Each structure stands twice: as C-alpha cells, then as structure tokens.
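The following pair of complexes shares a single chain, subunit A, combined with subunit B in the former and subunit C in the latter.
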Partner chain A sequence: MNIPERTLLRRLFLPYDITSMAPATKVLVYTLLVLWLLVVLFPLYWLFITSFKLPIQVNDGPDFIPFIDFEPSMHAWHYILFELGNDTLRPYINSVIVAFCATVFCVLIGSFAAYALVRIQYRVKIGNVLAFLALLGLTVFTVTSLGAPLFAAAPVAIILFVFFVAAVGRYFRRALGNDDILFWIISNRILPPVVVVLPVYLMFQRIGLLDTHIALIATYTAVNLPIVVWLMRDFFAGIPLDLEESAQIDGASRLRIFFTIVLPLARPGLAATSLLILILAWNEYLLALFISTADAQTMPMLVAAQNATRGPQWWYMSVLIVIMIAPIVLTAFLLQRHIARGLLVGAIKG
Partner chain B sequence: MAYLEARDRRDRVAEWVDRNAGKVFILPAVLTLLAFSLFPLLVSAYLTLTKLKFAAGGFTLRYVEWLNFKKLIFGSQQYHLLGTFDVFGIVDWLILGAIFALLLFFFVRYLIRPGTTVVGVVGRSVAFVVAGALALLLVATLGGGFPGSLVVTLFYVFAGVSVQFALALGLAVLCAQNIYGRNLFRVVFFLPIMVTPVGIAYMFRMLADTHKGPFADIWTWLGLADFSWAADPWTARIVVLIGDTWQWTPFMFIVLLAAIENQPRDQLEAARIDGAGGWQIFRDITWPAIAPVAATIVLIRLIEAYKIIDLPNVLTSGGPGIATESLTLHAFVAWRTQDLGGSAAVGYMLLFVATVTCLSFFNFAGRRTRRTEL
Partner chain C sequence: MRVRMIDVRKSFGQNEVVKNLSLDIADGEFLVLLGESGCGKTTALRMVAGLETVSGGTIEIGDQDVTNVLPKYRNVAMVFQSYALYPHMTVAKNIGYPLKLRGTPAAELDAAVRAAAEKVHLEDLLHRYPRQLSGGQRQRVALARAMVRTPSAFLMDEPLSNLDAKLRIAMRVELKRLQSELGVTTIYVTHDQVEAMTLAHRVAVMDEGVLQQVAPPKEIYDDPANLFVARFIGAPAMNIVKGTVEDGTFAVPDGAVSLGSIAARGDVYLGFRPEDATLAPADEAMLRARIYSTEMTGNETIVTCEMNGEQVVVRADKDYEGTLDAAVGIDLDPGKARLFDCDNGRRIRR
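Now for the complex of A and B:
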C-alpha cells in the first residue's frame, strides 16, 4: 500500500545511477555552497556599496540596495582620488613598485636556487658551516658589544673564513646534501618576521636606507624566498632531463638552458608562485610598519592609518580598500587557470 | 681589435659563470637569507640581553643578562605575556593531572618501544615539556584569570587553524561533487585571500557594528543593539578569529579541492559499483589520498598563523586592554615604547613556541603520512 510513498522517498534519497547524487543530497550541497558564497560575497558587496554612500546614509543605519534604498554618490571616490590626490597616489605607486619589484626579484632568485637544488648536487662540509656560524657569531659580538665597525669586521671575518676553508676545509668528511639545504631555506619561513625586523630596522637605519623602496623590496624578497624555492622546486623536478641534456650537448651554458628551456616549461608554476608572492607583498603589513614611515609608505599603512587620523569614516575607507583589492583581483583573473595546479604541485612530493 | 677583446673577455666571463654554475645559481638566495634572516636572528639574540638607553647623540645598548626574559616571565610584564593567574581549584588540578598523565604515557610508551633514538628522546622531551607548560598556563589563566598575549596567540592559531581546516575540507568535498557552476564557486571562494588583512579588519568592523551595520535590525531584534562586542574580551577575540577564518579558509580550500580532484578515479568508481556509501568512500579512499596534502597545508597555516598582527591591531587595537593582543603585536607595542630588548625577547618567545609546535606537528604528521614533505 505504501509503495507510492516509498518510491517518492527513494527518489529523494537515492541517486538515479552511481555517478549522480540523490535529489535530497543535491539540494543540501547547493544550499551549503550558496550559503558560503553569500558569506564570501556579502562583506565585499557591503564594502563596495558603502563606497558609494554619503556619510548621512551610513550613519542612519543599514541601506542595502543602491537606487532603491539610497541614491549612490561618487563623493567619497572624488575625495580620495582627486581632493586627496597625491596623498593617495603616492602610497599606491609605492605599493605597486615595491610589490612588483619584490615579486620579480623573489621569483627570479628563488627559481635559480630551486633549479640548482634539483639539478646540481651540493656537498657542504659541516665543519665549514660551523666555522661560518662561529665567525658570524663572533662578528655580531665584536660589532655589538665591542663597538667594532661592521665595515671592518665583516671583511676580516670573510677573509678568515676563506683561509679556514682553504686550509682545513678538505679534512672534513661529513657534508650536508641538497635536502638539508632545502630544509634550511624553507625553515626560514618559520621565523616570525618580528624577530628579525628589529636588526633589519637598525641595519637600514645605519646605512641610511630606512623608509626607501630598496629597503622594503629587499626585505620582502627575503621573507618570501622560502615559498618560491619550495613551490618552484617541484615544478623543476617535473621537467624531463633529456631536453636539458641535449641542449648541453649542443654547447648551451647552464644559464642559457635555464632561461630558454627550463623557465618557459615551468610557466604555470611561475604564474601561480608569482601571484602568491604578489598577494603577500602587496598586503604586507608588519615589516612596512617598522621599515616605512612617510616616503615609502605603502597602501596597507595608509588604510590602517585611516582610523587613527580621522575616526572611522567608512565611506573613504571603503574606497581605499576597493582600489587596493582591484589590481590583485584583476591579476588573479588573468592567471586563474594556473592557481590550483600551481599550489597543488608544491604540496605533493613530485 | 677592441671589439674582439671585449668579446673575448665576455666569453671568458661566460665560461667562468658556466664552470661555477652551482655557486652562481644558489648564492643569491643563500646570501639574501644570510643577510635578512640568519644575521638579524643573531643580532636579535644579542638584543634580548640588552636594554636600550638614550645617550647624547644617539643610543647605547646596555648588557643586562636575562633581565628582559625575567621581566616577561616572572616580573612586571608577566600579566602581558603569560596573563594573570587564578588560584587553582580542584577541577583545575584534575584537568592538569590528566594532561600530564597523558603526556607521560606517550613519553614512556616511546621509551619502551624498540627503535628509540637519542634525537627522538630529546625532541619529545622538549615537545612534551613545552606542551605541559602551555597546559599549565592555559588552566591557570582561562579559568578565572586573564590570558596574556601567549595564550591569545595560541587561541588564534589552534582555534583558527582547526575551524579553517574543517570549513575548507567540507567546502572542498562539496565543490568536488558533480555540480553546475563549479568554476564559479571556485573563483568566488578564492576571493578573500586577495583582500588585504587591514581591509578585512575594517570590513568586519563595519559588518559587526550594531547600529549602522547590515545586521543592525537583527541586533535590535535580539535586544543586543547596545551591546559592544569590542568591550568584551571573548567576543572581541572571536570577531578577530572570524576575520582570520574568512581570509584564510580559501587558501586551504583551493589546495584541498585540487587534492580531492586528483585522487585516483578508478578506485572511486570501483567503490561506487560495490555500493559504498559517501562516508565510506571519504574515509577509505579520499582521506588517505589527500592526507599528505592536508598535513602540509595545516603545517603552512600553523606557521603563518603564529605571525598574526594586522587583524587584532586594526580591528580592536589589541583591546579591550590587552585581550586580543597577539605575540607579534605585543612585540610591536614593546618596540613602540622603546623597549627594544623586551620586544626582541617577546619575538624570541614566539620563535621558540612556533618552532616547537611546527616541528612537533611535522614529525607527528610525517610519520602518519609518509609522502608528506615540508
């Protein structure tokens, strides 16, 4: 007697065939996905419409839909882009220069190292490493507590190190291999930037580079380098060796092989890695907080400063945040095919 | 002639570069890291033992031994780093006893098992002592006391990473189904990672406003219109955590989704034909296939989560009081008050806790998912 109901229930909860979902499951899946879609999009939507509101519209409580709940106005955009003009433009250009240069340097230097770690066998004598560390510690000690100038201590230490390696280096037996070097490079990422930023600050202050593009670019390159090495290594490992070997037989140099054969083949990896580094450099906050004050001020600094200087004027802030997000989203859309693949390869041993 | 000489010189340079390709390729990276990681790390270690003094025409660093650490752990800054302790009640003792017994059990089990190594014993000793100390700290501050920046950071890291991983895994499983608009979901879900954390902080301040925010009517309806989440320690921390989750779930999601889509198709189909249910398939096929990626992605997030500063600094300025202050923010606050040594000492505490946690997780997960690598 219950057959019609049972078939209805069956139809709801059992799939038609093994490759598709039951209707009830399907409804659930779409509901959850759309729910998260709203969680992601609503804050961005709110940000976007707030940038078109007048102060009075914001203060009077929530208005949701432009043209119906409120009349959009360009006043905040006009204020940020034209009245403030240079005050907005300068940090923006700073950010573009710093993020772009840091990404290029970081990906280039990191790819060099990653490729070398895949194709060239290194043997670093542990004794030499220990000697180097000891001399480095000694240099830091003499400079900081004995007051010796760095430009005198550093060359002395380097010369001592070279002598040491030439004299006793070959008596050491135990050596570190490529995996150890890789581990050391990647482990640098565990280092919280706040630990190293104080000496970096003092260092740049000493050589008069504080609050310049160069200081920011160099620091950003260094902190993001481990990620590039780690991601790119797996891309290079996936490139067949015969191509390079035949180029070598034809007399091409290592550098030439790298630039004309290896890099073009690793293009998806380069795209994904560059995007990631670009995002990290563009949004970087802590290091900029220490190293840049006025001239080299970047966008995150400008946005964060809004609160301190004028209280929460949400319409202006929204404009700033929107123009900060825009270029990254644009770049991401251009590169989006590569993102997932690029990130995955890094996460799995090649 | 000059042209030929120049070409000759160029050839010789090229030849030298090629002969020393190994060094040429890796030296830029190594030198950068030495200059901006290792060297500052050592200088910073020295700074932790000093006190900044302003003198005529600049400043001097006075050597003060372990004073900075003493101040943080036992002295005037204890409330800031560790928190204010509560008197232990019977429940506190019971919880602590259980945790210590568990740690001891794992340690002894490792000792009596065959294949015990010196490195293993030392590593586990350090990890368990740190875990025990942190447990003591948690019990002492979370009951009736007031947690300091260390406990708050641990809350951001562990609560944040767990919530983000659970959400990301769920979304990735849903998104890997055979559905329409998969690419739309994928692209949209990836968006938050591109928003600057400072921007996210302001965005969530707007959204969480009980008078002008979009949910004002709901707040009023709940009778909470005058409730200030920024004035209550736990709601303030949770708002920070929500912002962090909104930002970082996509990163885990996109990697987990790619891993799920990469799992072996034939096994899946065979399991379906044999009539395996969704949960069975997930547990026996999908999870083992994605476990290495999952471990790696959790490790990456652990490492990055310890560095949190922008959200608490902008969203709540570390307040109310010091309730939402992370260790990095604590170090920055110390630096701003010209306590250079104290700032470096806080940084070193962070480095120590982060390193022990990450290495422990790496070893723990590494043993279970053999294919993982850092």
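Now for the complex of A and C:
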C-alpha cells in the first residue's frame, strides 16, 4: 500500500473522506453558486427598485440603491393600482381565473390519459385510422364544395365509420401501440403555436366565444395537455402494479383506484406538473393576443401594452410584473413541500 | 368456500403457462401450490383472484362460476409477495380499506380493524405509516387487511419470501394457527418446499404449467407420483440411480438391491431418500461408492458419495467421519425404495 502523506497542499485538494468535498473544491463550488445566485436574483431586484423610481430616475440612471442613489417614489404604484384601478384588476382576475382553471383541467385530463397509456395496452388499427381520415376529408369536401349541410354530413360520416370498423376493422393486422400514441400526442406540442393561431381564432369567432374565459381556458388546456401526459406518465409508471391489483381485490373500481391510490401516490408529480402548467398558462402571450381583446385580456397583454406610443414605460411595467409574479411565487411555495420524494417507501418489500 | 378449477388453461401469446389445471379445494382447506419459478403457479393463483383472464376452462368459488367475474365481486382476499401496502395510509386505514369500500359504518369498521390487528399483534401500531414499520410488521399488516373481512378464500402469493429466515419460521407458525382458527379456504403459492410441507393440508406440485401431483405432504414425500416430484421434494432430494431390474433384483455396475417379487422391466430408475440409506463397510454393502464430500450440519452429517459417476447422498450420524475418496458401502431399505419408468418418469407400483 502506498498512502500519501497528508501535506498541507494535499489537505487543500484532497477530500477529507469519501462523503465530503476537498476544501479547494468547496470554495470553487460555492463561488460559482453565489455568482449564479446573483445572475438569477439581480433582475428581480432591478425590477423591484424600478417600480419605485420616477421616469426621470430611470432615464438618467443607472441608480442601484434606494435612499442612497435615488429617493423611492410610489407614483407608479399609485397610477397602476388607483388611477388605472379596474383596468389593472380586470386582467389580473382574468389571468388568475384562466391560468388556474386551465391548470386544473389540463392536469386532470392529462393524468387520465397518462394513466390509461401506462396501464392499458392499446392497439389502434392503422386501417381504421386511415378510414377515419378519409371520411373526415370526404365530409369536409361535401360540406365545402358540394354545399351539403354539416349537421347532415357529420352524422352520416360517423355512422359510416362505425360500420366500417365493425365490418372490416378486425381484419387489419398492423396496429399502433401506446408508444405511437404518445409520440402523436407530443407531436402536437412540437408544432409551433403560431401555426395554429389563425385556425384557433377563426374557430372561436365562428362559435362566438372570442374574448371569453372559456376560449382561453380551452386553448391553454389543449396546448399544454401533451406536457402533462408525458410528465405524469413517468410518475404513474413508477407506482407498483401490485398496489392497484391489491385495491382491485379489496373491492375498488378503476376510478376509485385512480383517485384514492394512484393520484395520492403521484402527488410529487402532480405538484411539479401543475406548477409548470400554471407558469406556462400564466405567461402565455401569443394565443392570448389573438383570442382575447378586451374583456378576457390577461396580464401579459397589459404588461406589453405599457410599451406604448410614448415608449416603454419601465416604471409601470415593473409594478405590473411585480404584482404579476406574486401569485406564482406564492403557489410555488405552497406546492414545493409536496414535491418531495420518498412517498412510495413502505409500499412494497421489507 | 370450496374453490374449483376445471381444466383451466392460460396462454400468453404462443406461450402456454398453465395447461389443463384441475383442482378441487375443499371448504377450509389449506392448499399449497408448489413449484419452481415460472412453473405457472402464480398465474394459476392470479386467475382465481381474477387478476388474469382465463384462456380456457372454468373457475368456481362456492357454487358460482366466477370465470368471467371481476376481482371485486369474487370476495377473495390476497396477500402479495410485496405486501402491496398503501404507503399513504396508516396501518388502520390500510387494514380498513376493504371494509371502507363496502360502505361499512365507522364504528363497525373500527371494531373490525382493531380485531384484525389484535390477531396479528399490531394493535399498538395502528397510527403508523408502512414506511415506519419493519418487514415483519408490514407483512402482518398485509395479513390483517386480508382477514378484516370474511373472504371466500385467502390467496397468498409467496407471502413469507421477503422475510429473513428466523421471522419466516415464526410467521409460518402464526399463519398455520390463524388459518385453522379462521377456517377460510386458502391457496398458498410458494417455491419453498419446507413451507409447503409444514403448512399444507394438501400440496399441489406444478412443473411447466402441468400439475404433477396433488396429495397430503406425507404422501408427496413418501409416494412421489413421478421423477419430477421425487427430485423436487426433500432437502437433500431423493437419490435417483439408473439400473436394470432382473429376477426381482435392481442391478447397477457397483452392486445390487434385492426388491423381492417384481417382474423384469429392463432399465428403470431407483429412488431412495438419504435417510433410508445407511453407510456400511464397502465389501459388505448392497452398493459400493466413494466418499465425495461430507457436511456436518449440527444434528447430522450429509455424506455425498460418488457411484459410477452419479452422486448419491446419505444422511449419517453427526459424529460420522469419513475421509474423502475412501471406498464406502451403502445399504438401503428395499421397502422404502421407489421405482420410476425410464421413459416417462412415472412411478412403477410394486
């Protein structure tokens, strides 16, 4: 054996034991962490102090420290909260309603889909899919070119499809599996949203739901579903099948198992996924720009509106952003204790 | 309740894992399905539970055909190898879950949970979570959950195999006692023949999906129906020696055993238990061999001998001392020797 002597230099660069870092490494790691912390926190700090600055201070800046570099003023806060009043409150409430509702629907529906894809083996016959697409195309053709009424064409197409599946569906051999379905789901998200913005706008315009909460909630739910399905699938797959079989024998139905066994055990996943979807829905700009105009306008619209004809109103924007990030920070704090690991300890084995 | 499996088959694709299994288990009987892993015993149990569909045949519980009945309506209780405790519920909630699903009133449920917990000595741990319990305690929670209602049958899938050796023996004793107290029909799957022999009223030995023999433990041990059962049961297993029978004598190159009146059969296998043979001086004994190794286990010495390239095991006194490669003779009790057909492995009755 050849154990090196612990000289001063070696003590600096060798870890004391296998569970700790060498002193030099420690210094390096913490320096990098502090630097990164500054990178992350500085914009927030800048935002916060800008909300207390007068336009002149912003333009003459940069001023860094309140009471020393500049005298804080409440004028921007007063303008946004009182002079604008309802014009701030309405988008704020809209954002809360839309983002939270969309998150709840999205996580619930996505979880159902993810659970089904984990526990049930689907075999979608390619022939049936092609038949569906063909009938869809035919329906669109008859309605648009031949002038057939939609309420007549659609049921006929559906009945034809059912007959087709019942008659020849079982003779098809090639089928798609769960992985194919999953890829199809995620491919919906790969598509850049800007591609679907106009069809979505037209759709809501036709059914008269433009500029409503329902339109925004439905859109955000649909757009974010693939993410929920993909994230929740992994969490559900980690739950031992034994637990569900045991519950089945104990007398629980599938739905009951889902709500009393599977969902509680997937709580860390649910919390993390909900937070992500909430942030995505909260910050969404492009779709909101088209779907909402006045009544259903959300906060990102209002913030962008501060970049007005008079140039960017940094002080108003800062106030809006500060009040806008508050609910998300609060939710993140509430949810983070659920994003803990180790829920499954004790479920199986000794 | 009586459980009957009539000609039950199960295939996964091309792979038939249970072949024409017929078992008639009387009310209150403790039947052990014994076999090596992959022999189809767990699949058979899961078909009784309803967790696996049946490819052919009928399963009856009581007087009812339950072949296509959902698990929750079969009213069986199952103990999984992994225990399958619900990790997010306390011990009391775990035990009470089957009753809660049946809408049992709270007071009645509490009393039943307490009674079940007392049976397995868990009454002080009711408020704990599974993760706070030891392996043996978790196992007992699983048992209590099965016993809390009055099931038509207990189904146990290797319930003791995750416990350490000492605890396993203690739980085995408890389990046997509980089963006879409750008098509930029990189907118990294991690969451990000691468990099978000690617990069962009857043992069903399976190999490659085929039932080999169903009989009380003593009969399985003394009168194996075929070579597989003979080789599988007993530790060390039955010695099997190939030879020929002529004039009522079983002959091998290194000796002969007189079997009394038996017709000449040509090639046969002779089987005898290690405890039915004794070691003797080489020149006086029926069979001649060399000592291959000796193992002192405490209460006896297991002597492995080599005879014509085959190993033969003899149980000797714990003080027996033999030198390796020394010539030794083996005497055996001809009345306890068993003959097996060379072609199909079946027992030849004398």
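The criterion applied here is as follows: the second predicted complex is superposed on the first by the 289 of 350 C-alpha atoms of A that agree within 3 Å, B and C clash if a C-alpha of one lies under 4 Å from a C-alpha of the other, contacts with A are read in each partner's own complex, and residues count from 1 in each chain.
Operating definition for what follows: contacts are C-beta pairs under 8 Å (C-beta built on N, C-alpha and C of every residue); 3 or more make two chains touch, one makes a residue touch a chain.
Because the structure is predicted, anything quoted here is derived from the model rather than measured.
Enquirer: Go through the superposed model and pick first if A:335 touches only subunit B, second if only subunit C, both, or neither.
Expert: A:335: touches no partner chain.
Enquirer: In the superposed model, which partner reaches more residues of subunit A, subunit B or subunit C?
Expert: Answer, by number of touched residues of subunit A: B.
Enquirer: Touch test for A:93: subunit B only (first), subunit C only (second), both, or neither?
Expert: So A:93 meets neither subunit B nor subunit C here.
Enquirer: Now for A:32: first (subunit B), second (subunit C), both, or neither, which partner does it touch?
Expert: first
Enquirer: In the overlaid three-chain picture, which partner chain does A:246 touch, first (subunit B) or second (subunit C), both, or neither?
Expert: A:246: touches subunit C, not subunit B.
Enquirer: When the two structures are overlaid on chain A, which partner does A:264 contact: first (subunit B), second (subunit C), both, or neither?
Expert: Touch partner of A:264: subunit C, not subunit B.
Enquirer: Using the superposition on chain A described above, determine whether A:196 touches subunit B (first), subunit C (second), both, or neither.
Expert: first
Enquirer: Would you mind listing the overlap between the subunit B footprint and the subunit C footprint on subunit A?
Expert: 253, 343-344, 347-349
Enquirer: Along subunit B, where are the residues that touch subunit A in the complex?
Expert: Residue list for subunit B touching subunit A: 14, 17-18, 21-22, 24-26, 28-30, 32-44, 46-47, 61, 63, 167, 170-171, 174-175, 177-179, 185-199, 202-207, 211-217, 246, 250, 254-255, 257-259, 262, 269, 272-273, 278, 292-293, 296-297, 303, 306-307, 309-310, 313-314, 327-328, 331-332, 335, 340, 343-344, 346-348, 350-351, 354-355, 358, 371-374.
Enquirer: Under the stated contact criterion, what part of subunit C meets subunit A in this complex?
Expert: For this pair, the touching residues of subunit C are 49-51, 70-72, 74, 76-78, 80, 82-88, 97-98, 101-102, 129-136, 138-139, 145, 155, 162-163.
Enquirer: In their complex, what parts of subunit A are in touch with subunit B?
Expert: 18-21, 25-26, 29-30, 32-33, 36-37, 39-44, 46-47, 50, 58-62, 64, 109-110, 112-113, 115-117, 120, 122, 136-137, 140-141, 144-145, 181, 183, 185-200, 202-203, 218-219, 221-223, 225-226, 229-230, 253-255, 258, 279, 282-283, 285-286, 289-290, 299-300, 303-304, 306-307, 312, 314, 317-318, 320-321, 324-325, 328-329, 332-333, 336, 339-341, 343-344, 347-349
Enquirer: Can you tell me which positions in subunit A touch subunit C when the two form their complex?
Expert: 240, 242-243, 245-253, 256, 261, 264-265, 267, 342-350
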